[in-house]
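In order of appearance the chains are A, B, C and D, and numbering begins at 1 in each one.
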Amino acid sequence: MSQLSLAVELAGLGLRNPTMNAAGVLGMSSYQLKRLYESGAGAVVTKSLGRQPRNGHPNPTIVFVEGGVINSMGLPNPSAEYFRDEIKRLKAENIPVVASFFAASIEDFTYLASILTDAGADALEINCSCPNVGREKCMLEADRESLEKVTKAVREASSLPVFVKLTPNVANIVEGAKIAEENGADGITAVNTLKALAVDIDLRKPILSNIIGGLSGPALKPVALRCVWELFENIEIPIIGCGGVSYWRDAVEFLLCGASAIQIGTALMDHGVELFKEVNEGIRRYLEENGFRGVKDIVGLAHET
Amino acid sequence: MRREVHRVVKVEEVKQEAKDVFTLYFKDNFCSSASPGQFIMVWIPGVDEIPMSLSTINQKGVSSITVRSVGEATRILCETKVGEKIGVRGPFGNGFTLKGSKPVLVGGGTGVPALYPLASKMLISGIKPSFILGARNAEQLLFKDRLQEILDDLIISTDDGSLGFKGYASECLGRLILEKKCDSIYTCGPEQMIVSIFKEAERRNIFVQASLERYVKCAVGLCGSCGIGPFRVCKDGPVFDSISLRAVMNELGFKKMDPSGRLIPVEK
Amino acid sequence: MSQLSLAVELAGLGLRNPTMNAAGVLGMSSYQLKRLYESGAGAVVTKSLGRQPRNGHPNPTIVFVEGGVINSMGLPNPSAEYFRDEIKRLKAENIPVVASFFAASIEDFTYLASILTDAGADALEINCSCPNVGREKCMLEADRESLEKVTKAVREASSLPVFVKLTPNVANIVEGAKIAEENGADGITAVNTLKALAVDIDLRKPILSNIIGGLSGPALKPVALRCVWELFENIEIPIIGCGGVSYWRDAVEFLLCGASAIQIGTALMDHGVELFKEVNEGIRRYLEENGFRGVKDIVGLAHET
Amino acid sequence: MRREVHRVVKVEEVKQEAKDVFTLYFKDNFCSSASPGQFIMVWIPGVDEIPMSLSTINQKGVSSITVRSVGEATRILCETKVGEKIGVRGPFGNGFTLKGSKPVLVGGGTGVPALYPLASKMLISGIKPSFILGARNAEQLLFKDRLQEILDDLIISTDDGSLGFKGYASECLGRLILEKKCDSIYTCGPEQMIVSIFKEAERRNIFVQASLERYVKCAVGLCGSCGIGPFRVCKDGPVFDSISLRAVMNELGFKKMDPSGRLIPVEK
């Protein structure tokens, strides 16, 4: 039986479907990422990798709130160098890999971009939007100048498609996206988490060891959709939607608002890795029932009046 | 409320089990309906949040954890006084599945208390398990009295022979299997013990469920820090059966993820 | 039976308890506000009033999402001038009134501040953070310069306590708060809604007529708590916490993070106006059970280590 | 899902009721378990979202609204074809409460359809209501056949006398009360009609429930745009009883909030 194809082309990358895991979610090893791919993801995204191994913040690093979770993992990662072999292992099985990374200096961004490119990643995702580490640790996009420099440096250091992942914690997300676009980014991932906090009234203490963390999950979705909407109206490069996708309907919402692909993080907690298959089946059914011929047909469709 | 949300509970009772091992009792609805083998995350404000198996489940709504002091967080937990408060979330993970009619439970060190709720549940289900209670020496044996009270067939095994069988629990297990024709094995304890037991079981073709430990951060299957092969100890485990154990034999007993995600050697 | 008093002093204002309605929620008339006060609110906040009557955006102006609602009312209001009599009616019954207002020019801010002061309001709340009207309609705090000018102008035009209500849609909420503080604000209300969007996959259209609206309710709470936390660490003037308060526990969380009073909006939908009483009773029980003598004792307490 | 969340439904059937009045049938689980007197918000994308009472509830899962074309949104709704889609959320508001054993229902204009589910519910509860069906003239009478089918006691009243009683429904009501010893009144229709009916009822000391209209935006009791005195039509209403009506007599029939919140005169 011939089924409608979910294949998408994303900044030159051919993917069997438009779903990926969100950076930092089950991306600690090639084994974990391979499992996500086998469960149906169109591509897999590594944990954000840095120059040095990092243990991240002490526990508690996650707390549950209504509508989502707040995490302050603090970018634990085994280092990009260590992860090279993991990427090679994934590439040996032809799994499309997006390498997420962060750094504290332009030199490190350049260095990491080149070793991840050499390792065989299919695309790079610059994480300059993690709310969980101080400014010294990772350049913030809110700072226009750093964003410009970082994008340019990575662009020059690698021939791969470069995605820039943005934070929603800004007054105007379009500004940062435009800077990235002008400096050679091939796509924008929108969004990272919202800066948030949870406090316990019995112990009268913030729950996270780092006090402040990032809110993800359903609570983030309406904000993420708004960001994707605004970006689609203002930039030309493709958008990867991220934030609270928990059901196939959410994925379709992101596509209609202008995302060319979507990432799933927090929802894997409740729905398991099987979620990729469910989301893809849901998108397929939606396209078929509404007479569309492919994912591309509905990208940004809600903008037409 | 979801079980993933933090609750703060009062420690109702503290029982010293050994020189450096204490059981803390508390009341919590989610914990008292946990499955044997599940664990909770215990928050010690300003210090850490760490995984702990439940060592009592559902006895008049009271739950407990049994903690060996091995570092800062466990030391502070062991010093907790009655009336003090700790944070908990969970229970998490899969827990044990009742299988076989002649099961044997093999516990070593602080793995023993995690098997206690399992033994109770088996008895309630009309199954009479054998139980090998292992430790370095007689002083380190945990839950001996409590287990003796409920079990007909408790075998004590100490490395130094200071009580019961002299040698490793896995050797003791070898004999027991022959003797009793056991048809399933449940184990929790030091990783090398688990490896020996699993090998023993594989040789004799007996199905195993083993509770493993890795570095747990989120406890809900998101962050990947507790990875062992393609699995997450916090979500796919902590209990793994023979099929899964076979799939991770290249790591089990050899390598584990450190908090940065790098594989480092497991203590021998 | 003597009960612990919940009375608070807020920038010189004596209130019987630390709860208010959030601006724009049931503040369309003195009747509505009186009902809130009778239901237990410590003070009442008017709908944000402008120079001219405004109908606001066409419907749909509200949409329900997981964890909250997105509204784009568009600041409908009968005008400050019209509302003078409403304020007088409330003052005739000795109800503490916070007059919320917005404007498109410094002249209008000055004018509105003075007529609302004349009408007898007990305090002013400058709404320069509504996500639902374009820049031309209302000065955005993200713009440091306007915030400075507006605060200064209102400060000069009125002798009343002036609260500045901030948006969470900024990279750094402390920046704006400091500007307000330096220019004479007596308190900060934190926060307004998060810019958000909802789209319908069957009709393939954004649901709000204005496309983008503001997210409020439980989904906003962790972000609002984080803002209050950051403000408490960085400013001296009192903070009025707002965002997702739905149970008394939430109110206590805001107090522990540093709010001296709290406002309730969205939760009145599910819990009714009776919520004020429940929240106040909850706070009182909490204080009593934990041996505190008043609300002040727990303001900011989670910051102590 | 909560009833406040938008759903998109397909229009299954359209029935013309009068020159400018149409009933749209659709299926929706929340609507089919609504109480008589509740309303929904109907979204016509790109145009408006407006309140509409449910005129059918729970008949084989089918619900309906009955719309008079008075402006852009209602005109477009009236032109809806079978198979087209509309958005709905709700039902909202309180609905009618069954009281009294000899009730009379008084409907005028598009207020009539809102009373139809109430009449049905009364019959199911073993109560046989009287029903005064009012309109300007015979052509504008709504739901006449449907009401005749289920009711024994349907009284038609037209302002111009083109059918039934000649005069206002409130005059007709006066007679009926005497005749039938009615003990409760339910009414929905033009505001001035409601005022007359309420006054009539007050004079005779009979309890009233009246469904009112104000400008509805949020429909969930937050924005205050539907205010009448201290009440919100969308949440405290749309059905108000005698006690509440007495509390708003300074506004009822005189003043209403326009979309900006200012009180403007009510149409006479």
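We take it that a residue touches a chain if its C-beta (ideal position, glycine included) is under 8 Å from a C-beta of that chain, and two chains touch if they have at least 3 such contacts.
What you see is a predicted model, and the numbers here were worked out from it, not measured in a lab.
Touch-path distance (fewest steps) from subunit B to subunit C is 2. The chains in contact with subunit C and with subunit D alike: there are none.
Subunit A and subunit C have CA centres that are 34 Å apart.
If you average the CA atoms of subunit A and of subunit B, the two centres end up 36 Å from each other.
Distance from the subunit B centre to the subunit D centre is 65 Å, each centre being the mean of its Cα atoms. Here the spacing of subunit A and subunit D, counted between their Cα centres, is 50 Å. Touching of two or more other chains is recorded for residues 65, 205 of subunit A.
The multi-chain contact residues of subunit D, meaning those touching 2 or more other chains, are 46.
Because contacts link the chains only in sequence, without closing, their graph is best described as a line.
Pairs of chains in mutual contact: A-B, A-C, C-D.
The touching residues of subunit C, counted against subunit A in their complex, run 65-68, 70, 140, 142, 169-172, 194-199, 201, 204-206, 211-212, 215, 218-223, 225-226, 229-230, 244, 249, 252-253, 256-257, 286, 298, 301-302. Across the complex, subunit D is touched by residues 24-29, 31-32, 34-35, 47, 53-56, 58-65, 69, 71, 73, 76-79, 82, 200, 202-203, 205, 207, 209, 265-266, 268-269, 272 of subunit C. Against subunit A, in their complex, subunit B makes its touches with residues 2, 4-6, 8, 41, 43, 45-46, 48-50, 85, 87, 89, 217-225, 227, 229-230, 232, 257-262.
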